[in-house]
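See below for the structure under consideration.
To keep things simple, chains are lettered A, B, C and D as they appear, and every chain counts its residues starting from 1.
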Amino acid sequence: MEYSPREMMAIAAGRFIKDGDVLFAGTGVAMLAATVAKRIHAPHAHIFFETGGIGPTLEELPMAVADPRVMAFANLNAGLVEAFSYVANRRLHTIAFLGAAQIDKYGNMNSTVIGDYHAPRVRFSGSGGACDAGSLASGFIVFMQHGVLKFVEKLDYLTTPGWLTGGDSRRHAGYRRGGPIAVVTNLCVLKFDDSTHEMYLAERYEGVTPERVRENTGFALDVSRSSVAEPPDAEELRILRDEVDPQRLILG
Amino acid sequence: MAQHNDLGGKLITVGEAVERFVPDGCQIAVGGFTITRNPMAAVYEIARRHIKDLHLVAHSNGQALDLLVGAGCVRRLDIAYGGNGRFAPTCIRFRKAVERGELLVEDYTNNMMSLRFLAGALGVPFIPSKSGLGTDVIAREGFPAELRGTEGVPVHKLVVIENPFADGDDQVVLLPALTPDVSIIHAQQVSTDGTVRIRGLSFADLEQCKAASAVIVTCEEIVPESYLRLAPDQNALPPFLVDAVVLAPYGAHPTACPYVYDYDPAHLNHYKAVAKGDESWAAYLDEWVYDVEGWDAYLDKVGGAQLARIRANTVAGYAPGLDRR
Amino acid sequence: MAQHNDLGGKLITVGEAVERFVPDGCQIAVGGFTITRNPMAAVYEIARRHIKDLHLVAHSNGQALDLLVGAGCVRRLDIAYGGNGRFAPTCIRFRKAVERGELLVEDYTNNMMSLRFLAGALGVPFIPSKSGLGTDVIAREGFPAELRGTEGVPVHKLVVIENPFADGDDQVVLLPALTPDVSIIHAQQVSTDGTVRIRGLSFADLEQCKAASAVIVTCEEIVPESYLRLAPDQNALPPFLVDAVVLAPYGAHPTACPYVYDYDPAHLNHYKAVAKGDESWAAYLDEWVYDVEGWDAYLDKVGGAQLARIRANTVAGYAPGLDRR
Amino acid sequence: MEYSPREMMAIAAGRFIKDGDVLFAGTGVAMLAATVAKRIHAPHAHIFFETGGIGPTLEELPMAVADPRVMAFANLNAGLVEAFSYVANRRLHTIAFLGAAQIDKYGNMNSTVIGDYHAPRVRFSGSGGACDAGSLASGFIVFMQHGVLKFVEKLDYLTTPGWLTGGDSRRHAGYRRGGPIAVVTNLCVLKFDDSTHEMYLAERYEGVTPERVRENTGFALDVSRSSVAEPPDAEELRILRDEVDPQRLILG
């Protein structure tokens, strides 16, 4: 069965979601991943948005986290302060979905500038809630297009904390939990070593070689532990295409 | 229902409100978030009046932010996110202004900015956070040293301390409170005594208003005091925090006003296209800001059919099936 | 309307809820304020089970506080106000327990206690305040030094620092966050998916629940999920913060549950009278706590006519003309 | 016209309220004062309660600040955190009404204990919101029964900050505004010297001698500046008795 890299990304990321997780979603592929997972294997997962929309029915896909569609028929409508209190809540297993312009081998991310901070060549949106989710959630999953300009040795600006400088550095910085769980790209799924917290290739999609992943990564990457990812099945694709994004707003 | 009174002098036009409460150089917070409930009638008016050197303090007020920046009204910006969701992952005029060095930017996060407004609302000088430790959000200051401690700019961007209630390895970020000169929000309803009701997400609008020195509320409609008093749990701001009320139907266009109208994908896509070029952007400003007499004329330009198209289903809160591509 | 399900196993009896979430010695927050929306069905159950050595953290939860203290369930107390409005300017059993040295008390203020819950809810270790500078609330610690740093007791009652964002003469009080083991509140409605709606004032109930490790919600009724989803702006807590739901009609008696019933002046006045003497108090405990099988039996003792008398006008929220002398 | 000391207290205190003031009310005489003032000379005053009831119609008198009557037909219903943010709001002229067990010559107050704090002879309710209102509001007005056990040289416990040790001490302690404006008793109205911030007798009620006030005050009191208070007029009494407290819940 044919499927696009974006469809594979949504399904691969959705597999990290456990039933009962509380999901901090953004727009884009993250929303697809969360919604598909909830409809397939995590029916008791709760989706919420940094804007304060908690548990909406999402009958239509939101185009932004402030879209009225994140408020419609929700469990409750709150505000930013309350939404971030849920991200941080020690009782909840909150998983965030994040994207960025750059990522390094410890899963730290840049969504602020390319070039000098005070005279940037490119200015991006800035953190939004990404730094907060990276700081406060139980863990986060990253979506990236794979490429050497995005997977870099050194970030131009560290917006969102991953494993910082690896090892125990995250805990020593003052964080009690959290950190990146996986990076889901158009080529593969990357994870982090349990002790060094360095990124490694975990699963490559059908037809993708370890070499191709390595060529598209701007830092040395361990590809020795990789296997081929399970492709999406027909039911996953049907739900994704027919139920979740029939207008192909995000699938394109 | 009798025609509403003048709310004890508080009911004024958007022009009067901007004239009175938004002088050049003031620190301003605007309500809403990216493409929803931005107080656009007031924002277009600020642009139309060529207000200058604003210090805008924002979490993620996308559309309002980009128009104010693009019209050259803003000099300083405390911000978490300059984007507009799927319509503009980075706000286009904001991006250009920063890359051209036309704007001084201090980067925070959404949680930090909402907490800074909360601190201002609570009347405390700072508030702690566990966000951003080890990141450049904490390490890098955006504003130059000479601005530190001047009007509206805290002496430090933030301060990291050891938690005095712990044994060590527990760093805490202290964020300075925000107390803007003026906060402008758009609400669905204001009552004849000046009470405000917001439907749907309130974002950080309430904290912004409680922290500010003056509050302007633009609204879809004015309703009897007795009506809002029947359900006080649903009301958002008391009369004594509201300085000016402006009746501005569709006053959040092209952003959404939940339960009244959706965002306008046609306008936002057009905006995205024209914002990319300096000439086309200048033409947009002429067409939609400077050559438009006021909000009625703006709504005529949008057109009745388009306003009908984006009208919200009053139960769902948005326009189901609206073509949003 | 179909009969409600068991809310995914969360719908349990008040006995099961106390058994599971309120062990001896735990730190507990109860909702409500003085004579309104105290979770009394749960509180009577705690007393009936002779739970011991509780560390109660409270702003002004008058009636629940006094019953728990009077029944000997409480060993430590963080508190702002031990009173019951006009019914007891100082809660009577609380007063006796303190004067007899049966209770360790740490005094804060209402603003401090609500901010401490807010800090717990925000996940930050402390929160600043400008209250109490120069007072004994700051100068005097109630808990003995040996308790400091033990389970649920912060290493300092509070810490005063200089505001790092000011030039001097700006002292700020840092208050330690509260993160109780369990929070118990009484709400008007819980939906079949576990969403909570509170009508009228929420006091600090929501901060208490967000800060706690476990949440028990007793409620007047269980309503369809679809009903609460029609007005999400009015809902208070999401399902994922609620561990146990107990259906307990009149579960706040003798305190009020706005829009459902008023407080019971007859019971509160009787309580006031009997609380004054140790023997009459012991008799009250026997009659209303230990010899009562459960909440149904309690309501039978109160009597149908009295429950009818205090029934709230559903628009006003209280019982107009109720004899409250 | 006959009137009781309690009626005089309510009316005397109400006269301090200016139109547009935002009033932090407790129960008891404070509520009468606020309500009478609003109906007579301060129609645009706003009454709110620390529990979060903002601007209720008060068709019936509340018996506690959490009484459902402080929520009924209010401008809005909030919670404690929000209510205290209004007390502290720098834009608002918030006036609080407070009572206590003891007061000293600088208007500091005790509502916590009599005797040793760790082994008190008498335990009172504690601060509630009194310390907060004393700390944060624009000013506060005190209600007390006059007596030497209540007007004391030294408090057993300082719950609510008045002028602290007088002069500029309140500002040096870190407060930006506030402090006691007046003390309204069953005998008289006391104010505070503008520079020393010591209490003095400002107005004594009809038939009350300066000597009687002095005898009932446990510290040296300047009575040299006093005049006789204007008694309540018929309209004030009618509103108080017929409209505000017809059940005589507080008037007794």
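The rule is short, and it goes like this: contacts are C-beta pairs under 8 Å (C-beta built on N, C-alpha and C of every residue); 3 or more make two chains touch, one makes a residue touch a chain.
It should be emphasised that the depicted structure is a prediction, and the values quoted were computed from it without experimental measurement.
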* Partition of the remaining chains by touching, absent chain B -> one piece
* Asked: When the contacting C-beta pairs are counted for C-D and for A-C, which pair yields the higher total?
  -> C-D
* Asked: In whole angstrom, how far does the Cα centroid of chain C sit from the Cα centroid of chain D?
  -> 28
* Asked: Could you state the distance in Å from the CA-based centre of chain A to that of chain D?
  -> 56
* Asked: When the C-alpha atoms of chain B and chain C are each averaged to a single point, how far apart are the two points in Å?
  -> 37
* To do: Please work out the Cα centroid separation of chain A and chain C, and write it as a whole number of Å.
  => 39
* **Residues of chain C whose C-beta touches two or more other chains** => 115, 122-123, 130, 170, 172, 200, 230, 233
* **Set of chain A residues in contact with two or more other chains** => 71, 73, 77, 81, 84, 88, 136
* Sort the chain contact graph into one of these: line, ring, star, complete or other. => other
* Structure fact -> Every touching pair of chains is listed here as A-B, A-C, B-C, B-D, C-D
* Contacting residues of chain B [partner chain C, same complex] -> 115, 119, 122-130, 154-156, 159, 161, 163-166, 170, 172, 174, 176, 199-200, 230, 233-234, 315
* Structure fact -> Counting only contacts in the complex, chain B reaches chain A at residues 32-37, 59-60, 62, 79-87, 89-91, 94-95, 98-99, 101, 107-112, 114-115, 118, 130-137, 139-140, 142, 169-172, 200-207, 256, 258-259, 262-263, 265, 312, 316-318, 320, 324-325
* Any idea which chain A residues touch chain C in the complex? -> 22, 44, 46, 48, 54-57, 71, 73-77, 81, 84-86, 88-92, 136
* **Complex contacts: residues of chain C adjacent to chain A** => 8, 121-123, 179, 193, 195, 210, 213-214, 228-230, 232-233, 235-241
* Can you list the residues on chain D that touch chain C in the complex? -> 27-28, 50-53, 59-60, 62-73, 77-81, 84, 87-88, 108, 112, 117-132, 135-136, 157-161, 164, 169-176, 247, 249-250
